[in-house]
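Listed next: structures, encoded as structure tokens.
The two complexes that follow have chain A in common; it is paired with chain B in the first and with chain C in the second.
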Partner chain A sequence: MNIFRMTYYLVSISFKDFGFWFWTLCYPLLLTGLFIMATSNMTVGELENIDVGIQEDQELTEVIEEIDFINMTVMSEEEAVSEMKQGDISGYIHGDNTLLVTESGFDQTVLEMVINQIEKVAGSGIPYENYDFEAQFIEENSQEAQPEAVLFYSLIAMIAFYGIFSGIEFMSSMQPNLDPMGARFAASPYSKVKFLSASVLGALILNLATNFLILAVIIILYKINLFTELGPTLGLLFIANLTGIGLGLIIGLLPKINAGMKTTVSVIFIIGLAALSGLMGPFIKIILIENNLTWVNTLNPLARLTDTMYKINFLGNYDDYWATIGMLIGYAAVFFSITLLSLRRKQYDSI
Partner chain B sequence: MIMMDGVVKRYNELIALDHFSFNAQDGEIVGLLGPNGCGKTTAINCMLSLLRFDSGDIEIFGRRVDSNNNDVKRRIGIVPQELAIFDKLNVYENIDFYCGLYIQNSKERKKLVEEAIDFVGLDKYRRFTPGKLSGGLKRRLNIACGIAHKPELLFMDEPTVAVDAQSRNFILEGVKKMKADGRTVIYTTHYLEEAEQLCDRMVIMDQGRNIAQGTVGQLQESISTQERVEVGFLTEDPGMKKRLSELPHVVKVTNKNDNYLIHFEKQENNLANLIKFIESNNLTYTDLTSERATLSDIFLELTGKELRD
Partner chain C sequence: MTVFKGILLHFWKYRILIVILLSAFFIFAVMFSLGNSSENYTSESLRIDIIDNSRSEISRGLIDYLDENNEVTVSNEENPDIEALEEKIFLNAIDGFITIPEDAESRFTSGSPVVETTADQRSTQHLQMQTAIRQYFTFLKADFDTTGELHTDAVTELLSDSIDVEIHESVDVEAQSNFEYMRNYTNFAGYWIMLFLLILVGNIMSEFNSPELKQRINVSPMKTSTFMSQMILSQIVFGLFVVAFMFFGALALRMDSLSGVPLGKMFTALLLITAFTLSIHYVIAAFTTNKFIINGLANFIAIGMAFLSGIMIPFEVMGQTAQNIAQYLPLYHFTQIYAEPDITWGEAAFPMLVTVLYTVAFLIIGMILENKRKTSS
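Take a look at the complex of A and B:
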């Protein structure tokens, strides 16, 4: 049987499994619906072109000028008030780093945060020019300003990892020490490399299909434009799918635990990682993790994926795009290598 | 075809195979008999090179077992004790999947799958998923998945457990047909009547050891009880059991319902002696049957316990 026939059967097995559809499609759609209800009137778009007025010779002029998403114009207070009334600028910075606004909104929140952040940096003694606003300020604080976006990006990061379920299912059923079907498989001359390739291909087809369905619902049905950079985002999701599948294959290899239990534990594990990456709002990720356990965010592939999707789509910032892709590929490579080495172990101490 | 010599397999303190030896020749049906937990499945898994064993040698087709030897694997089929079929695939797909692990060519595979479906009588059910099949039909599907690639050597591990009488007969007839086709079958069971009906030779296992092997006749010769006579009398006599046990060549007398079961050593005139005893004591008998020692007797005598203990 060639790889494609094997893939067809593996896909068929999952395709007819209610559990697969529930976890990879129904549950994320349910969450999407809940998020939509909780964040009505959300309009997510790229953070750019916030127009602001600034007093002549104001001390923040040089710093503000360096921030890509702020368009700064030097003007007097009277001019600023007039432009704010006409909606041409969102705020006016003057005096002792004070922000003058005539209405509240997202732009005003971001400007307020920018000024606070600059003052915090100045207070800590770090020269302004050494501070990377794109990497630090925007990643953390603008996620606070737009928690709805973080919810959706972390949800998408989570479903990209749902290839884990197919990985577990395929690998568990082919282990002689876990399933009688595995005895048949292991006693046969079928190539383990072919089986592994078919498993990855099958899981990829299934999970990408469900990912696309969910993205279509978000974009077309709910009309939320989360993806100003669709191509690079899909690239990220493709690699994340591979990582999730690899993780599933490894978990599927674990002895003495059945596939159902492994799936349950994996659901909890992935939800845990997603919560740490912002699924419950950015508070956990930014306040608790970023400030206290930075390494958790660094190692958590879902947090990296969420951040990178947010940055490229919301901020147009590609600084850590390739680093995230590299990290996900690295994880996947480790997972696949371990799986292949374990599959090549053809005899067992107990069955 | 198979040579297993002094194989030892331990699970920590438990010895699952204790210097277990046996062999099987081309075209034979060899039964591995023994109670649950005696090591039958462990022996099969060692032969299939799924399990690592501690010492001893196993050769199949004249070659030492090696999990990397795909040429040997290609010639072997396996019907595991538990159902090893996909719930989500239908009958045809299940057989095609497992056949596909051995056969690359799709045309050849299609032909073999059709033959396997015919062989197990599942043609009417080819589009049914296992959930819609009865226990017996699932067992037949389990067998079809193991034989579709026409292996020369087939391991069948308790294939008739929890199967209705009709399906059991179907399966047993199928095994006979496979033997007629020249295949070698290693058949484990704890149903002695099946083994008697099916196997050319039997290996009796207990606690991981081969305690006896041979044809039914050879096994019968190897034990002291050669004949059993069941007799029932019209009138009850409390001393009858003792009097019967004093007859010549009687090994022991046991009660079976209201009758007596007399175990005789191998002698020509055991039944005649009993009839003479009945006549001389003016007894009226209600039942009188004689049979040679069964596998159950053999097992009981060799191990000191019933097979299904």
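Take a look at the complex of A and C:
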């Protein structure tokens, strides 16, 4: 039987498998919808003014009134505490120029700095006319923080690695001690390399098709502009799918564990890698960066894929594009080589 | 207790896997809630990277001043990696970066912009960074215009001596920060317990429910009620083990920082979410023994609820639709059992009741499906 006919049969088998469609299509689409719902308010809007309460006849009233980004209201301490606890104001300025707060935060720190500055102008001994409050000391550039985008890229990276399930399925069905189909296959003269190639090709075709469908839904239906560099992104996904299938083959090689448990282990393993790459928010990535543990995500293929996708699409940075492709190809080559070496010349006393 | 022991032996078969996964996700949960407790008001520090091309008196002064209250990283490299810094802002790993050009001193004296900043201009952190830099240069320039000399140390000293900021006496800062830590930890532990139990119990029980074993159980003289009670008991024992691992693990880590934390309510919440998870598992098991479906449903239910209940991202920043949906999710009510450090049992009773009702509802659905399956087979 030629390799393409075998590929066709294998694709047909997977096509009829509910589990395959759930994992590679329904689950990612459900998660994408969920992420969109959950993150729709997450992007920071315009900078909001800071609301502050001030004691009646406070000496700083006039100066603070002049500051653009502070909204000031005269009130008693009791009212202020109540409003602070409800989150309506950030602080309260007492008559002795002290600041009363109910929590630490950026708004409170800015207020502290402003009051400090006003006090220090008076107490520095420098003539007031020498202060130039309009002077431009800073040239400002903007780089938007968009950590929520990482969720989506991490999700897409996770989907790209779902070829792992096809790999496990293939290995389990090919091992004579685990599956009757494997026993039949072992007794047939069909080449293992051809069978492996057909399986990989079949899995690749189906996974890529579902990946493209999900990207299309994200771009066309959900109208999220995540892929400004579509071509290079697809290149990455192609290689990642191959690596995912290879990883599945390696896990499938584990002896004495049935396919179901291998799938369970893979689900948890992939979620773990995806969590490190930012699936549950980028805070875990940041913790790794801050604790000099960047090597964890340097070795984590999902994190490499996630990082490279947002770098090329959001930041226009191609610095590690080829390194990521090289790394993913390297992983895939190692996985496929080990698989082939493990499968060759294997014999069973009885099947 | 044959069934009870049999199921526990099934769990025992995967003991190494269970311990590895428990440990891995315990570490995740700890990472999820990293933070330090403080006893007083602390100014919010910014995470700033500074590229100092000037290496002058002015740049040293600015760095010293910002370093007093912020986490400053200085780079003196010839060709700094700007794109890496922009990526850090994109990820929120830093609040911004400052570039001090070579000719900073001449720019300062001539009145041109002295430094270049890059930050997300929509954030309060940007405002704080601008205020700090502007404040420093305003005082330095005023002093320079008055004396004709640069007194960077004096300006830093002058500005470092800040006004008094008081936390209102009704607020216990230490308890609040202890509580924040444990709340984040318990939130994540709740999600993790759901995922772990649904996947592991689901898969192990699907092995136990294999046709060969089922047939043996059917022909055995054991009553269905005895069988069911032993099965549920074994799952509860396993659930308690997982809860104990996650809860007491956190207590051991935070032994000195537990004041103000409603530990009783957190433990109760974890027990209730375990019971709820086992009831969902009961429904899934009555509905299918297909491991793909079990894994898929477990994953989607756990991660879906975690996102919509404000565990992965703060509830306040979620969209209105998501917030409305959250009110109907048991994991949201799980988080409400310990929502405040000083929450009373009376206040926690309602979310506890909702979680219990969800558990009962799923148990009933499970029983109906189970009976239907038995009748049809």
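One rule holds in what follows: the second predicted complex is superposed on the first by the 238 of 351 C-alpha atoms of A that agree within 3 Å, B and C clash if a C-alpha of one lies under 4 Å from a C-alpha of the other, contacts with A are read in each partner's own complex, and residues count from 1 in each chain.
We take it that a residue touches a chain if its C-beta (ideal position, glycine included) is under 8 Å from a C-beta of that chain, and two chains touch if they have at least 3 such contacts.
Model, not experiment: these values are computed from the prediction.
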Partner chain in contact with A:Glu59 - chain B first, chain C second, else both or neither: neither
Partner chain(s) touched by A:Glu79 [first = chain B, second = chain C, both, neither]: neither
First, second, both or neither for A:Asp319, with chain B first and chain C second: second
Touched partner set for A:Leu100, first chain B, second chain C, both or neither: second
Touched partner set for A:Lys16, first chain B, second chain C, both or neither: first
More chain A residues in contact - chain B or chain C: C
Chain B and chain C contact sites that coincide on chain A, given as residue numbers: 17
Chain B - residues contacting chain A, complex: 11, 45, 48-52, 67-68, 70-71, 73-74, 76, 78, 80-86, 88-89, 93, 97-98, 100-104, 106, 109, 145-146
Chain A-facing residues of chain C, complex: 14, 17, 21, 24-25, 28, 31-32, 34, 38, 41-44, 83, 86-93, 108, 111, 113-128, 130-135, 137-139, 141-143, 145-146, 158-159, 162-168, 170-171, 173, 176, 195, 199-200, 203, 206-207, 290-293, 295-296, 299-300, 303-304, 306-308, 312-313, 317-322, 325
Chain C contact footprint on chain A (complex, rising order): 17-20, 22-23, 26-27, 30-31, 34-35, 37-42, 44-47, 50, 69, 81, 84, 97-110, 112-117, 119-120, 124, 126-127, 130-133, 135-150, 260-261, 263-265, 267-268, 271-272, 275, 280-287, 289-290, 310-311, 314-315, 317, 319
Residue ranges of chain A in contact with chain B within the complex: 1-2, 5-6, 9, 12-13, 15-17, 173, 176, 179-181, 183-190, 346-351
